[in-house]
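After this come two complexes, each holding chain A, first together with chain B and then together with chain C.
And now, the complex of A and B:
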């Protein structure tokens, strides 16, 4: 695998620039920011609402919007590159497909991080203004959501390397649903018998366990994750994402345009 | 400069194998303008895409300056202009060239002036900061040519470079091709416009249904026919 740092950087920056100059991204992000702000404001007005429940709602909205953005840019952008044949411009240059693929991935991750940052800052600002307090658990929860989105970006890229944009988006969404049901799937498998148990266990191990990135309950009780938990989640993210990227790359290396 | 040896390529299409190139062999001499001629669907674009590594050959070898065509070293020597070139819509003409400069890892200090000069050469000086989204077909073609020259290529590979240009643009381009030739660049171009080919090419090869049927100087191939076009039509019809 031949990687070239400066090429990866150029492609990442170009990808990032492409997304931040996309009007649709702004609409999505604008809508997300409004929803998060509105939910926090409306929530604290209605009497008896616990601030933490509102925080939980806010972080869920942040997660949902970030995943929409992730699926959108992770699957549409690569497809657009092939469809508009801009890929001819890059792939015919002296660079390896590995560098190209990794550059795309990093560029998309950069965009996702910036979107999460914008939403997170709005979230914290409104919270601060409403309750007068600063919530560290919200920062932790947002960081974990970013890791989840980065993992799913790799999944979106993997699908894009062998199927259409729409199919990639649908499959990635399917992974989101399965990934967030990981705990349920595990419980189901342990209650099942024979082949079904085997299949469910396979599903549990094969698909990403996205519940590992869920800190929403911690927010409610104002818990902060301990170091061990953070390291485990980061290690899980790195291992799973690396595996998915390698699988995608194995396909992309042989793709013809 | 470019040597293609027994190139075979088939597309996989809906589980069927569609053979497109059967045993293509040709040699492009250094410093010459080489025309690659063929009817629609003959396999010109397929051959060119294999050369620039967008498609993979089923068998056969391609060498560029005695280097395997898919090596990074070989790719540094190539300037490539695809059929109906497209660019990132979010970039301006200048930004496209700077990005290409980065991909070739050119010296950042010289890239800026180089981009400016090239845009002037291809007649896009006024459109330097226009986003590519607003470009006309001919402007795309001009920008693509500038892109292909960004790395001072030793081998220019162009798929129908004169397509979509008005008569003045074609004249401009032919002049630029000859200028490149003077600089020692080898040019490999595909085209249907045979009068242009006859005018500027030192050597041509005719591809028909995935096979090279003739190769030689335009004068030699034409023989007793009044124009290359008439020779081409009769050869392709005979097949």
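And now, the complex of A and C:
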């Protein structure tokens, strides 16, 4: 694998520029901000549970919109290059496919981080305005949502390296659903017997366990994760994302456009 | 440009207007049907308007990790349901909704409190007690859980002794209101546990800074002391004459007592000659 730092950096910056110029991103971001702000309405009819409802609605809106951005923009990136044939132009330059692939990934991660930052700031501002408190658990939960989105970006890129944009969006969405059902799958596997138990356990370990990134249920209880938990989640994220990126690269290297 | 094309272009702008008008007519008709023809809905009104909460397992499975969010959705649904009024006055799904919400969000204090307050009034007394027990298990540091459960035992079950036990447990928890122990003592007294009640009243009396509670507690202590005095004299009478006194006046005529004590609570000490016990009456 030949990687060139400066090339990866310039591809990443270009990818970032490309995605932030996407009109879809702005409309999604607009809707996200509106939805987070609309949680104020839900809070007002919650019989004195404003803070709780705003926190739960806000963090769920943040997750949903960040995942939509990840899925719809992330899965289009490589596919669009191939379809518009701009990839020939890029790959004819002295750069490796690995650098191109990783550059795309990092650029997209940057876009996701910026989107999460915008949504997070709006969310914290709404919360601060309503409750008069600055919520550290919200920052932890948002950081974990970003990690989840970064992992799913790698998954989306893997799919988009061998299938169409729409199909990879659907597959990535499927992974989101499976990943968030990890706890249910585990409980089911423990209740099952015979071959079904092994199949379910395999599903549990094979698919990304997105519930590890879920601190969203704890923010209303002012929960702060301890260092060990954070380190384990980050280690899981690095290992799983690296594995998916390497698998994607292996496919992308053999692709004939 | 052919004549046909020209004709269409001239009327083409009319088409969206006509469609819009048609949609308005349809909408008005729908609204009228909805408002005045409710029986056309084949399900019963209750089924139509009632929330149909999923079981906790199903709700958890479809929440895809957003358990608290789904609990909040059910919470908002519950407020709409209870606030909207049930034409049959039954609120059949009320207890089920509280169960689902607290299964999804086991530490949702307000849900337990609200459930304990409104469920018994709608006829779900046992469900309210089960909710209270669940709250005590999931929120062991919150005094509200045993306190509110104690209220349910008092008002709806008339089980004063159990109510007293819950209030005593509530009083031991952090930030519990000062009156928890006081109420526990009152219920123990009502439940015929006078020694326990006296001990509790004594600690309230010694610890309280509230002048009203101090004054009331002093009266309760004096009232109980009156009962204890009568109990002791009845026991002495029995030891001396090998039988129970027929009336309280017999204690005076035998010089065991100078007079019947007066309850500072305005109650009267009545005597149950059959088992030799003192009963308080208004």
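The rule is simple: the second predicted complex is superposed on the first by the 248 of 257 C-alpha atoms of A that agree within 3 Å, B and C clash if a C-alpha of one lies under 4 Å from a C-alpha of the other, contacts with A are read in each partner's own complex, and residues count from 1 in each chain.
In the analysis below, a residue touches a chain if its C-beta (ideal position, glycine included) is under 8 Å from a C-beta of that chain, and two chains touch if they have at least 3 such contacts.
Everything numeric in this text was worked out from a predicted model, so none of it was measured.
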Which of chain B and chain C A:132 touches, first, second, both or neither: neither
Which superposed partner A:216 touches (first chain B, second chain C, both, neither): second
Touching partner for A:18 - first (chain B), second (chain C), both, neither: first
Contacts of A:95 with chain B and chain C, given as first, second, both or neither: first
Touched partner set for A:177, first chain B, second chain C, both or neither: second
Overlap of chain C and chain B interfaces on chain A (superposed complexes): none
Chain A - residues contacting chain B, complex: 2, 6-7, 10-11, 14, 17-18, 21-22, 84-96, 254, 256-257
Chain C residues touching chain A - in the complex, by the definition given at the top: 60-61, 64-69, 71-72, 75-76, 79-80, 105, 107-108, 110, 114
Residue numbers on chain A that touch chain C, as the complex places them: 42, 45-49, 52-53, 56-57, 59-60, 63, 176-177, 180-181, 183-184, 210-211, 214, 216-217, 220-221
In the complex, chain B residues that touch chain A: 49, 52-56, 72-73, 75-76, 78, 80, 82, 84-91, 96, 99-100, 102-105, 147
